[in-house]
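Chains here go by letter, A, B, C and D, matching the order in which they are written, and residues are numbered from 1 within each.
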């Protein structure tokens, strides 16, 4: 019953096998290998567009380097108040951007809205004493398991672009968002106005695979240098290329995400039926965020379930009472129906 | 006949197997897994001392984060004029340290000397207009395949410490240096005054494995944050831990380095016997740097040999004539005697 | 009727004269002049303690360099949500600190409280994913004209120190805060637990005079380098020294602040008597923040009064209705009773 | 007999008077005052072109902010090995640029050459492991008192532009260079291909006056933010504007520079006639760099002459023997013929 995170589980066998298969012989280093070349082409095909793609090693680096390419040191990045770039990366974006400001907007359900963005932009009244708004960063799926529809992305992108800003999407769980929305990768990104995407694979079955992806390829100018200077150019790059190739091949990435989402839905539906448990947010990807009695929380933990009390929700979604816990359960590509059912059974005990 | 680099080859089967073996089940993320715990303990045993060790993903990051922990933004780092931190990392140390100065000393054979360091320190006469000297960084083995003996390291460390500076060792090829010197890891590092080591594994058979290692554990204060902020905290950390464990187990790391060095020695001895080829530097690790006629260089390339003309040598080791090339051949854990002999045969053709 | 800011007015004649008097002959550059030496000694006498003091050229630089000396790149600085370092300096602290996080707490009346700080510190539950809390920064007087009593400073400092943090005071209007509180400079700073102070003079009659002041002199280690690297070492330093010397001599700084505060009090009392105008905050220094009908606001502007609608107040002090304005009036050392009375007369017209 | 530096002397009376004259009444802060507006227009007239000009407070800041506007974090700046930005600013350019590399070329007479720049650019063979060359920075007058003619500037700019780089001129002593060359400000800058200039006033009679000047005004995009974030936006900006206005009025800046240069020429001619003293470099501005016997150096110092042994000359200009000193004498707008003659008399004693 481990619902701690989608990064506590292993690597999908087909990805692991692809890495092993790539092991023989010499390959050019630093990303000039044939695996990376093929994988990057495959990614362009998946997104049905020209793009510039740069595999890196961690999600924090993917986000920070994306933002470094989209900003200047005096820029501001607007994001949700619970965004990973704001509260989970120890200030990595500030380091990689040379001191840009990450500005969080506390909106319900982990989601930015066009109105909130407009209002924040209107607040830049201090001239050069304010940073200059440069990027809106969306998290897809959000930190609380919700998603932006293509229309919602488009509406936000329209606001951003109207103000000369660019749109970044933190897609650490992009696959999970995508399969729930039943749209194409293109519809959810560049067709909706996304300029750059942190395309995540690690949480969805890869070992370490995050791809800085520029749909506006002008943003890629100099990015090889950015990646190198950021310590993110893997010398034996073939193992990133092989992961990406296997991840995309035969829609593996969609299958693993579909499975994780299905497990989350099963879990959510089960939890909703547990007395005194409620789900303040829709379960749109692979995470479930119930509010539950602390007594139940403690009982589940004692029964061996691994999951966390969650520090942040943003305002307006619900009120957590003093004897309650806002908890997070993450389903992964490895989660089984048995695990879900065991957890639900433990709830009923 | 591929002598391009030790990062164009694959991963040692025992390391790859260890990664596969670590794949099952849940493990705590972000380095709190059991593999990393065991591997770190094993590293302390290898070095026969308490130490603080942090696996990271690239050599550039290992160096830059080490230096970030050892400096303040106004610090100076003294290194060789051909040091990787100075000429191969696109300014990553400057980024991670908040703008510290890397100051290169052009000394023969890729090696700093106590006298050169003393002289450079004496040149800090401009008060606060100069940066404050904080670190001496040694590359072991050096960028031109030479090594520092424990006595040489100690002599340099004594100078550094006498001036209140710390000693960093860039050990991207630490194993190759070590096995040639026939001393213990402890003798070559903390017993000789090294405060921090970038302990490299990638070039010697790992996939991506560099370990920031502090012998002065006071330097580790806050380093978890540094690593996170630097985008170098691998979420599925077990795969770093598993690499390190396998790398050290049964002295695998010494065996692969010993093999690579032996191949380099065989190659060096063979090249020395080729007319008009000379070796201006001793072959002390796994790299050979001959000066050869350009005609021979071109002929070997045409014959399919993969190796590079090398941009930097530092002064005083020899003069490369106009019709000559300073070339680099790197042997790896995969290099075979057949490959070496084929190259030598091609020289004689 | 110019109440725009205390930096739109000129320099006190005694300070200007001191600068002119310092003009003759040669003086050692870069702060080694005799004026700076004497002035720094005078500052130590004013604060009745040993201290390390470094004049710099702007308030933003003073704050940013103070914080750079008190933090590491992965640090967090807790401040009020309206603090100058957070919302008025275009991210200068992030630049000078190498990417530290400024975290704003939205508390009433522009003032941090021990409870709010404790609560925020308790929220650092993400380990290395969070920055490490290092500094509490107080603004004295605050951005909305309120002040912290010595007891309030002490209570906050106790919390900070208990958590291993240091206390910075942004004293751009330190003199104004001090004279209202009728305590000594020592009582309001180091005796109350303040470790470092941005001691401001520009807003209180100087030309450009901000002094980075460390009561914990260990924080000054290397600060000459920090100041130089930050572009804040004035080559003709005598003109900073002369300003500081004249500013402190014969309590000029207290007299100018006392006058400005008195004008603010006169203005506040007058405004409080104007129908439909209310003062949600006490007037404790040289700024007055009334809530007034927009019609009155517009009328005063049309009558030639220069003052601003103010963007930020922080929560909980009062509600500004749709037809109202939260306005700021700043009195300076030059403000006259005639100006105040003319403004009040204009209100009554 | 004070020849220590041109920043150990005071402010020209006309500039000081202009600052005093600007003292009355209210002025908009942060550079929106009428003095700055007029002065900036005057500067454009002096350079006979549209330009974007931003007064700042120190020369180090002017250079660093100029370079920040012209680079990205992964950029390289080529400069002379003795350039102020490389050896005198404690790494300020690295801080303000987010970690760009300053790369020094050791060429004779303190001057870069087109050939040396071409050769260095040709050395960028490491792809993204190298920084990307972005700027050539010239110092005019150089650190050893020599100057670039307009033709020399043009030849260097042509090389830079051909490689997609921009040209920065560090003009801390721009006036001194200009008056010696008998050309117009336009001829020496934008007409010769200079894109940005640090226009210095402090060393030539101002108090603190350095103007970041963009001839390519596209470089000015966002520069207000850069200046603010860099802590260089003076709140009482009128005192910068007043200095600049007086500095340019009635060619004061040319007169003070002409005087200082004349004193240097007188000194150089006198020194050249002293036995065992030689001048390895032409005296083209206001500095004289003789090589003299140490015995004479010591005797002059004992006689009360204030001047320095100089740490850097660059290669190839001459050899300083063991019993000799490479010394620097700086003449300022205040230097008198009596001072010069007294020094020369002391040489002959």
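Everything that follows uses one rule, which is that a residue touches a chain if its C-beta (ideal position, glycine included) is under 8 Å from a C-beta of that chain, and two chains touch if they have at least 3 such contacts.
Nothing here was measured: the structure is a model prediction, and the numbers come from that model.
Asks: If you tally the C-beta contacts, which comes out ahead, A-B or A-D?
Replies: Spelling it out, more C-beta pairs touch across A-B than across the other pair.
Asks: Counting only C-alpha atoms to place each centre, which chain is farthest from chain D?
Replies: Centre of mass proxy via C-alpha means gives A as farthest from chain D.
Asks: Centre to centre, by mean C-alpha position, how many angstrom separate chain A and chain D?
Replies: Measuring from centre to centre gives 50 Å for this pair.
Asks: Roughly how far is chain A from chain C, centre to centre by C-alpha average, rounded to an integer in Å?
Replies: The mean C-alpha positions of chain A and chain C differ by 41 Å.
Asks: Using the average of all C-alpha atoms in each chain as its centre, how far is it in Å between chain A and chain B?
Replies: Roughly 35 Å separates the two chain centres.
Asks: Taking each residue of chain C in turn, which ones touch at least two of the other chains?
Replies: Where chain C meets two or more other chains at a single residue, that happens at 30, 73-74, 89-91, 95, 98-99, 128-129, 131, 225, 228-229, 233.
Asks: Under the touch definition given earlier, write down the residues of chain B that touch chain D in their complex.
Replies: Against chain D, chain B makes touches at 73-74, 87-92, 94-95, 98-101, 123, 125-126, 128-131, 311.
Asks: Write out the stretch or stretches of chain D touching chain A in their complex.
Replies: Residues 30, 68, 72-74, 97-99, 127-129, 131-132, 222, 224-229, 233.
Asks: Using the touch definition from the top, list the residues of chain B that touch chain A in their complex.
Replies: 2, 4-5, 7-11, 13, 16, 19-20, 22-30, 56-61, 64-65, 89-92, 95-96, 202-203, 207-208, 225, 228-236, 238-239, 306
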